[in-house]
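Look at the two complexes coming up: chain A is in both, with chain B in one and chain C in the other.
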Partner chain A sequence: MHKFKLNPVNSFFAFIALGLILVFVSGKFDDLVVYQGATVMMFVIAISSITLLTGYSGQVSLGHGAFLGVGGYAAAVTRNNYNLPIIVCIVIGVLAAAIAGALIGLSAARLSGPYLAGSTLALAVGLPSIVNRFDSLGGEQGLFFDVGAPPAFLGEGFSPYRWFFYAATLAMLVSLWGLRNVLNSRYGRTWRAVRGNDVAAQLSGVNIARSKILAFTLSAGLAGLAGVILAMTLGTVSPGVYPLALSFSLATGAVLSGINTLGGVMIGAVTLVAIPEIADSISHRLGGSEVLTTNLPGILVSALLILTVLFVPNGPVEQMRNTRNKKRVHAQR
Partner chain B sequence: MINLLNTFLNGITSGAIYSLMAISMVLVWRSTRVVNFAQAGMALLSCYFGYEVVQRTGSFWIALPAAMLAGAIIAAVIEFGFMRILLKHSSQGPIASVGPIIATLGLLGLIRGVIGMVWGNADVAIDPPFSVVGFKVGENTLTFSPLKLLALVTVAIILLIITWLFQKTNLGLSLRASAHEPEISRLAGVKVDLVRTVGWALAGAAGAAAGMLQATTGSGGMNPDSLEFRLLLVFGFIAAVIGGLESMVGALVGGMVLGLVLAFVLTYVGGSLVFLTAFMLLLVLLLVRPQGIIGQRAGRRA
Partner chain C sequence: MQINRRKLFSASAVIAAVALAASVMPAQAANEVGVTATSIKFGMTSPKTGAAAPGYEKIPGAIKAYFDYVNANGGINGRKLTLVSRDDQYVPATAVQNAIKLIGTDKVFALLGTLGTASTKAITGPAGPATVYKVPTLFVNTGFSGFADKKKYPNSFALLPSYVMEAKIMAKYIKDKYAGKKIGIVYQDDDFGKDALAGFKTAGLTFDTYVPYASLSQGVATVPPTWIQKLKTAGAEVVVMFGVSSATTALLGNAYAGSYKPQWILGSVGGDATTIASSKKIPIALLGGAKGLSFAPSPIDSKDEYIAKFMEINTKYNPGVAFDNNIVAGMTTAFITAQAVKAAGVNITRKGLVAAIEKSGASFATPTLAPLAYSATSHVGATGYWIGTYDATGGLNPDGGKYTVYTTDSGTGAVVESTWKRPAMPENGLPK
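What follows is the complex of A and B.
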């Protein structure tokens, strides 16, 4: 049987189709839902950056929020000081985060497992306090990040939330399509080889350090893009926009999506956005005390994380694939 | 001059607390090969039990051992009821290197949520048993107070007990044996699983003590998101890694080095660079001596 395979060309069309569907569906919802949709897209990009780093290259980062922060701040500073077009600011944000990632990656390539996890954690805790050191970064209050009105061709009085959603969706589609192709390329194979068995990979001529640094740079760049989009939807950058909790949420989202596959990345992103809503409605039903409202989201996320690691360690998508394969093997007997 | 002395004494005090936290991370690492990022959360939970005891009895001296006992029980329950299952479940596949780390993160979040549910998110305070007013040297008042002296002495006593336990008792022998060679120890009749739980319990007690001291010598208050416990989380880990994660002497040295360096940065450079300095220190050390200050170079790092 001929199997339909997604090569770069028809996956390009598949992504365009996905984009059109998303735009069409978003037309059915009101501004609040669409705004949350933009946050989902941001999480998709950020989670896929972790999937790339952890699932494919085998490096653990607990501090990816730091790279989102670098991207967001770089974009906001260029926007505020030089008033460049927004697309240029986004590119600068991505580049700044990628450079930061390359610098960290230089040392990360020599660390492994818990050492790297702890170092990135220390980075995420440490980096935010640097804003108090430089006046141009605005201290704890942060900076405004005004992306301006929606472009004129979308029409007069077009909702800015919808415009955020379009921009975030476009960014998500472009980065996922690019990432997919990179993962299926020579580099992707190299990363998987290093993750699988680094000694064997080295013996087959793979430069392990270079492969790991490349993965870290790319991942940080993607995280930077997510950081700019987050700043865009909130209209501001500050240490509070990129807290330690954000880094933990991203790690959680990546595990919920299945750490070693891009296929489930939407699951984690939607869950991260949905859980505060669900927690809200539950605590509302239970009387809505303040203690419950503040703590329930954290408890739900953590419980879900622990359950996932215990019962579906490879993520729901991989789990389904495995079950299906098992069934197929049974059927053939 | 008085400034220098103050900085030095502050560094020693906070360094001692980081050392204790680092030792609890080392104990966990040695018994199950897991870096427990939930250790500070467990310490915080134990401190809330300590806080309850202080509320009921009014005595810090009952609360400290009570909190340590609570810490030991919490850690043992987590090891027995959760980590053991987890490590059996996810010992293979791509999740193996990430699973335990992520799981301890989940645990941290869960503990914080539970604390928030039970005790609320506002600050609660444990009254310090000793004066927080500094000693007087001639004209000047030091920031070093009887309370901080108490912290140093407590850490020293706990270290002595742990050393005695490890070097002179049968339990210590089994702990060391199963950390080094679990298979051979099992053959020699050591109940490795039980010993692991005991290792976690000891770690929980040490962490609880570090938490109680941190809560009283710090700003005085604690809450589920308090800065003091974030310091314990990050600096405990850094101190443990500086010492090589394997050795308790290393953890002690690591904590002291970290405490002193950070105290000097805080006084002479500025508070906003403290965390970043700790990060740079960690990174430089890992690149120059990946096996830690103390510790032998292994054939292949973990």
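What follows is the complex of A and C.
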């Protein structure tokens, strides 16, 4: 029997089908779930940017939330000062984050391991101070990012949160489809080669520095897109929207998803959104003590991280794939 | 048709009974979310856990305690007031999600006392849930003057005086009392501090030394010991602290360690004695002698009729929770909300509630010692402060034994001593 393989063309149609299913399913839920759905889509894009950077090119970033901030702020400033169409603001947000990523990538090409992780962390820590330096960025209160009412064809009174979900879903599908194709291209193979053994890759003719900078640029651009989506759903950008905790959440989500594969990003994203809800529900059932309410989300995330690292270190999707391959090899024998 | 005396009596009795029932029973609110024949539900999102929670986490409990007191006394217009409170940890994204939950899932009538500028801005901005669903956001807990702007935030009402007002009043006090002395300022290096600097500038006060510290948005504020050295070297004899309580704690602790004893003047946010004491990082006695500002009576002033009543309510309906500034703030919010509900009438609606505050809010009874400025064109709350001295237990006492209140605005208006006579506490602390 001919085996079905996802090439760029049929994966395109698969993504369209997935989008239609998501849009159809979203109609069954209220605004809260739809808002959370938009947040999941934002996390999918942001985690996939970490997967590209760390899982494929082998560079560690602990401050990726800063790139989300750059994207969000660039889009908001453009929207507020020049009143450009929202799609243009999104593109500018992505480009601004990509440029910031390229600049960081220049230094990243000379750093590795904890030094690179520390440098990117410093970026996220410094973001509020940078924002407060410039009055035009709105300081602690931030700036509005008003994308306007939903398009007229969706009907009067159409929920803006549903509209945000549609936009976030489209952004997620387009970016994931594009990223998947890039990772399966020459560039993806180059990044994997550099990650595996940079000396061997260099001997094979790979320009290591250029490869790393390109990965950082693309990853930051994706993070910038996630930052614009986050700003859109909140209607505002401020240092509090992109806190240091966001960077740590993204790193956590990437580990839960499986750092080496795009296949599990949805798992990490859903987990990040669901954990606070689950913790809230559990602590209320157990009496809602302050100590429990405060610590339970952290305990659940920590437990999941430990379990993931112990039992599925490459993530659940990669683990399933490996198990299936082993079974297949076993059956062929 | 002949009407005999018996029939006339029966008809009169029926009419009287119907009229009496109509006056006592609340009318069914016409299709208004969060309002039933017997209750009105409010929602609140604020930090109950996390770095910004200490002190503020008591506010929802204080609001609920006052509502419980009102409910035990028959409610407002026959309806009980209830509060659904959610924790946002001072994170705007969580605050927005909470607001959507409160409005969409919990079906609250209005939001109450949202805390933090960035969170409140996200909730009440153009794409915020309060705007999307046209839900009033009453008496926000932030001194950012923008929320009083009716054009930008048509459904939001401020309660606290703005940071600009506070700085202008502080500036007048410093110029009057400490003329010729060297003045320093430690301030939070964000819009909170910048609002204050703008107020000082408007009031014509410049400092000999400026010491900014990093914002709270990435964690607990810290003030390195080196900055004490900076103040000492500059010879600052009077130091203004315009920041949060964690920074005040670090400042006082480091100053004590460095044997530096200027005259401290603490802003209302950073001078919260309960929060400083609960941190257990410094002895509260270090606050002794510092000057502080407040817009409400001192929580230790049990002779004040509002404070006395709030203390009584707190003891009965919020047992085991120490009475302090945060309890006063929460009960003030609840007390004014109850009056707004009363003023909106039996057939209360969201639009009607906003209109009632605009029409009657300035004449509401209020514990604040400066007048409320609500009107058809203004959503500004309290408009002034009094200045006092902290004792060794952290209590703020008015200088000279009486409250001297100064009022001003967030613009270029002058700072004047208030002659406003605060309305008396309504009987039993219930709206009239």
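Just a few scattered comments:
Methods note: the second predicted complex is superposed on the first by the 330 of 333 C-alpha atoms of A that agree within 3 Å, B and C clash if a C-alpha of one lies under 4 Å from a C-alpha of the other, contacts with A are read in each partner's own complex, and residues count from 1 in each chain.
Just so we're on the same page, a contact is a pair of C-beta atoms (placed from the backbone, for glycine too) under 8 Å apart; a residue touches a chain by one contact, two chains touch by 3 or more.
Just so it is clear, the structure is predicted and the values come from calculations on it, not from any experiment.
Considered on the superposed chain A, chain B and chain C are sterically incompatible, since they clash. By the document's definition of touching, of the two partners only chain B reaches A:S119; chain C does not. In the superposition on chain A, A:F144 contacts chain C only, with no contact to chain B.
When the two complexes are overlaid, the chain among chain B and chain C that reaches more residues of chain A is B.
Once chain A of one complex is fitted onto chain A of the other, the partner contacts of A:D30 are limited to chain C, with no touch recorded for chain B. Shared-chain residue A:S302: touches chain B; no touch with chain C. By the touch criterion defined above, A:V174 lies against neither chain B nor chain C after alignment on the C-alpha atoms of chain A. When the two complexes are overlaid on their common chain A, residue A:G235 makes contact with chain C while staying clear of chain B. Once the two complexes are laid over each other on the shared chain, residue contacts for A:L244 go to chain B and to chain C alike. Contacts of A:I282 after superposition on the shared chain: neither chain B nor chain C is touched. By the touch criterion defined above, A:S129 lies against chain B and chain C together after alignment on the C-alpha atoms of chain A.
Taking chain A as the common frame, chain C overlaps chain B at a single listed stretch, which among 39-47, 183-191 or 255-263 is 255-263. Residues 125, 129, 132, 244, 294 of chain A contact both chain B in one complex and chain C in the other.
The touching residues of chain C, when paired with chain A in their complex, are 48-50, 57, 87, 90-94, 96-97, 100-101, 104-105, 116-119, 121-122, 125-128, 132, 144, 146, 189-192, 194, 214-215, 217-219. Those residues of chain A lying in contact with chain B across their complex are 54-55, 58, 60, 62, 107, 110-115, 117-119, 121-123, 125-127, 129-130, 132-133, 195, 244, 248, 251-252, 255, 259-260, 291-292, 294-296, 298-299, 301-303, 305-306, 309-310, 313-314. Per the touch definition, chain B reaches chain A in the complex via residues 34-35, 37, 82, 85-86, 89-90, 93-95, 97-99, 101-103, 105-110, 112-114, 116-117, 120-121, 224, 230, 233-234, 237-238, 241, 245, 270-276, 278-279, 282-283, 286-287, 290, 301-302. If you check the complex, the residues on chain A that touch chain C are 30-32, 35-36, 39, 125, 128-129, 132, 138-142, 144-147, 159-161, 230, 232-236, 238-241, 243-245, 276, 290, 293-294.
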